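For reference, the structures are reproduced in the following blocks.
Two complexes come next, and they have one chain in common, chain A, joined by chain B in the first and chain C in the second.
Then we have the complex of A and B:
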């Protein structure tokens, strides 16, 4: 479904992504981990069209999207959340969902919005201003937004950021039971319990280069991954 | 109602249109210092149409609005790729360019033995449609308020529509709007076009109310006031700028006794308002509280 071939992204003299190859298949849930500054969010921005890659190809369903405008990429069925949560603060929670549907081909109605809000435990907040919600509820609003849009590829950028262990556990259940079925997911996360609970495949980025890619268990026990990211010997990489 | 009050009320009505024009762009997150250019274009075009070509007021007003809209869309398409401060400076530059062009714009024809039409720095005399059609200043004031009511109703209807929602999405987070499939540039140009039309219509009324216009009327202070009205009244709802106009003109008229210092007082008022209410009196939050209160009252009544 999503294929990246030799993608490079350079900001000035810095290579944020170097010759990256990555595939995400239909219905596959792939985790993406790596130290801060390894290029994870840059990669999400490239896929979602925030900026085009310096070189390389990004294909979605066989169609080249690397030079496509962000709004056109979104209309193809790619939805994302943000590391720094983005909601429309001056709109209510329900209006935020209606806004998400404005440019989406999805035909979700009021019932589906109510259902999405129930699934993320925001049903009683539907008429509250999004800007007044606490951080974890804003995160859940981002997820409800994804649910109503029925995207074909979901990219979650640190969805458990700022969440307690119990909230992270709930989020893992939500991703497994509601978000992931029937669609491809790419999840960027630092919390390994969320990654192990939701992703069967894991990709590790380090300094813009893919360090490992494969089954989650195998990648997490890879010596280089332990040294560079999970372990303590980051300086050796 | 005496002539003074009719003039003040007519001014409030006409200036409200430039305030609504600036408000629409503010809702989209853009600060334009150039709406006075479209106000001026509307004034000159409609004046030419009625005084020189013999068109009725409505046709002249429509022409003024449409030319204002076209100019705004053209400038918007060129400048809306740049955001924030750069866009504001670009709009200011365009407006000043237009004003300076009006200083050299001469197009006159002889009607009834006298030359009528724009005459550069000498302005444009003889826009006498309301006198030629026996319309009193009070009647023209009602025409102004009829047009204003239609524009406000249209904008309130738009705010409840998909288009209004898109404008607010762009204004609150244009990156998120883009990620949700909205062609931000296209809708910003559309907002500029509608705003240009409203300003053009306002300018048409202005020209016919005063019967004489000159380039200096459409200077940067008019644009600054238009912006300030939206920021004072609030960006949460379309009647916010009207509250801003009423407060400002009411305030300026009330302090006529400090002639010469009024603009200093006006600047102070804007600064104080922006400190305490950065998005105006009727900002999104307050308007949301009012809506919620009204909904509760209606709910209580029905139950």
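Then we have the complex of A and C:
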């Protein structure tokens, strides 16, 4: 479904991504981890069209998308959430979903919006301003926005950022049971309990290069990954 | 007391045209977070186009109105492409300065279309005067008021009941997030300019039809009146644009009656000055500013 071939991204003299190859298949849930500055968010930005890669190819369903505008990529069925939450704060929860639908080829109706809100436990907040919700609810609103659009690939950029362990556990269940079934997911996260609960495959980036890629258990026990990332980040997980 | 009330009626009628102009500024400011100084001149150019057709082909006033709308929309889209679409969102001052430059350009074009500078402008219908006791009102101002009220309801409905309105508000809130949700912010911006150009053209036509003449200075006049009305009512607030427009109209007619023509504009500027000190966000803008600040701070 998503194929990156020899993708490079250079900012000035810094190589943020170097010759990266990555594939995400239909219905596959892939975790993407790595130390800060390893190029994870750059990779997400390249896929979602924030900027084009310096070189290389990004294909989605066989179509080259590396030079497409962000809104055109979204319309192909790629949805993302943000490390820094980007809900529309001055609009109600329901209007946030409606606005997401206006840019989506999906034909979801009011019933489906209600269903999405129930799934993320925001049904009773539908008429509240998004900017007045606490952080975990705003994270869930972002997921509801993704759900109503029926994307084929979902990219979650640190979805558990700022959440307590209990909230992270709830989020993992939500991703596993509601978001992941029937679609491909790429999840960037530092919290290993969320990654192990949701992803069967794990890819590790280090200084813009893919360090390891494979089954979650195998990658997490890889000596190079432990040395570069897990060992140093263990205290935070 | 009768004079005072009659002035209030006149002020509300004239103020409804200011309200329409302020609506245009408010929508663009709300969506782009940038000031379009050439909004008035685009209306003036549209009016010159209509006046030119009227002078040379003696067309029906309704066709003049249609021509004003078409020319104003074309000029509005031109401004959008040149001053807003081509310039990144985070350099608002560049858009504002370039829209000022385009203002000069549009005035020059208008002078070339009709070098006489002052040209006749046809009213939609013959002027009548309606009387109720000691009060009276002219039909063209009553019509202007009715159009302003209808326009406010139409804009409110478009913004809150249509897909386009949702897209417009989404782009106003967060253009990048809107793009990642599949919304083409560039196209939304063009449609926003089309919407405000139609509003502006209608307002411009009604104002000029009441005066039955048009000059190149109308652009400057429309920009000043629209901006002052928007700032009085509250930047970014649609109800504020209406209230600001009506208030400006009442201030002008009262000061014209009690102090004379030379103090009319001075009184408006004085009230704006006091408003900016007491409530920098304007009458309706202050609550909006505080609520949004709170919402954005949480995010």
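The rule is short, and it goes like this: the second predicted complex is superposed on the first by the 231 of 237 C-alpha atoms of A that agree within 3 Å, B and C clash if a C-alpha of one lies under 4 Å from a C-alpha of the other, contacts with A are read in each partner's own complex, and residues count from 1 in each chain.
Here, contacts are C-beta pairs under 8 Å (C-beta built on N, C-alpha and C of every residue); 3 or more make two chains touch, one makes a residue touch a chain.
Predicted, not measured: the structure shown is a model, and the values here were computed from it.
Undergrad: In the superposed model on chain A, is it clash or fit for chain B and chain C?
TA: clash
Undergrad: Would you sort A:60 into first (chain B), second (chain C), both or neither based on which partner it touches?
TA: After superposing on A, A:60 lies clear of both chain B and chain C.
Undergrad: Does the superposition put A:85 against chain B (first), chain C (second), both, or neither?
TA: After superposing on A, A:85 lies in contact with chain C but is clear of chain B.
Undergrad: Return first, second, both or neither, reflecting whether A:69 touches chain B, chain C, both chains, or no partner chain.
TA: After superposing on A, A:69 lies in contact with both chain B and chain C.
Undergrad: Quick one: is A:138 in contact with chain B, with chain C, with both, or with neither? Answer first, second, both or neither.
TA: So A:138 only meets chain C here.
Undergrad: So, A:98: does it touch chain B (first), chain C (second), both, or neither?
TA: Both chain B and chain C are touched by A:98.
Undergrad: Between chain B and chain C, whom does A:127 touch in the aligned arrangement: first, second, both, or neither?
TA: first
Undergrad: May I ask you to decide whether A:229 touches chain B, chain C, both, or neither, giving the answer as first, second, both or neither?
TA: neither
Undergrad: Which residues would you name on chain A as touching chain B in one complex and chain C in the other?
TA: 48-49, 69-71, 74-75, 79-80, 82, 86-91, 95, 98-100, 102-104, 129, 131, 149
Undergrad: Which part of chain A faces chain C closely enough to touch in the complex?
TA: Against chain C, the touching part of chain A is residues 48-49, 69-71, 74-75, 79-80, 82, 85-91, 95, 98-100, 102-105, 129-133, 138, 145, 149.
Undergrad: Which of the residues in chain B end up touching chain A in this complex?
TA: It comes out as residues 162, 165-166, 168-169, 172-173, 175-184, 236, 283-285, 288, 292.
Undergrad: Can you tell me which positions in chain C touch chain A when the two form their complex?
TA: 163, 166-167, 169-170, 173-174, 176-185, 291-292, 294-296, 298-299
Undergrad: For chain A, which residues are in contact with chain B within the complex?
TA: 48-50, 69-71, 74-75, 79-80, 82, 86-92, 95, 98-100, 102-104, 127, 129, 131, 149
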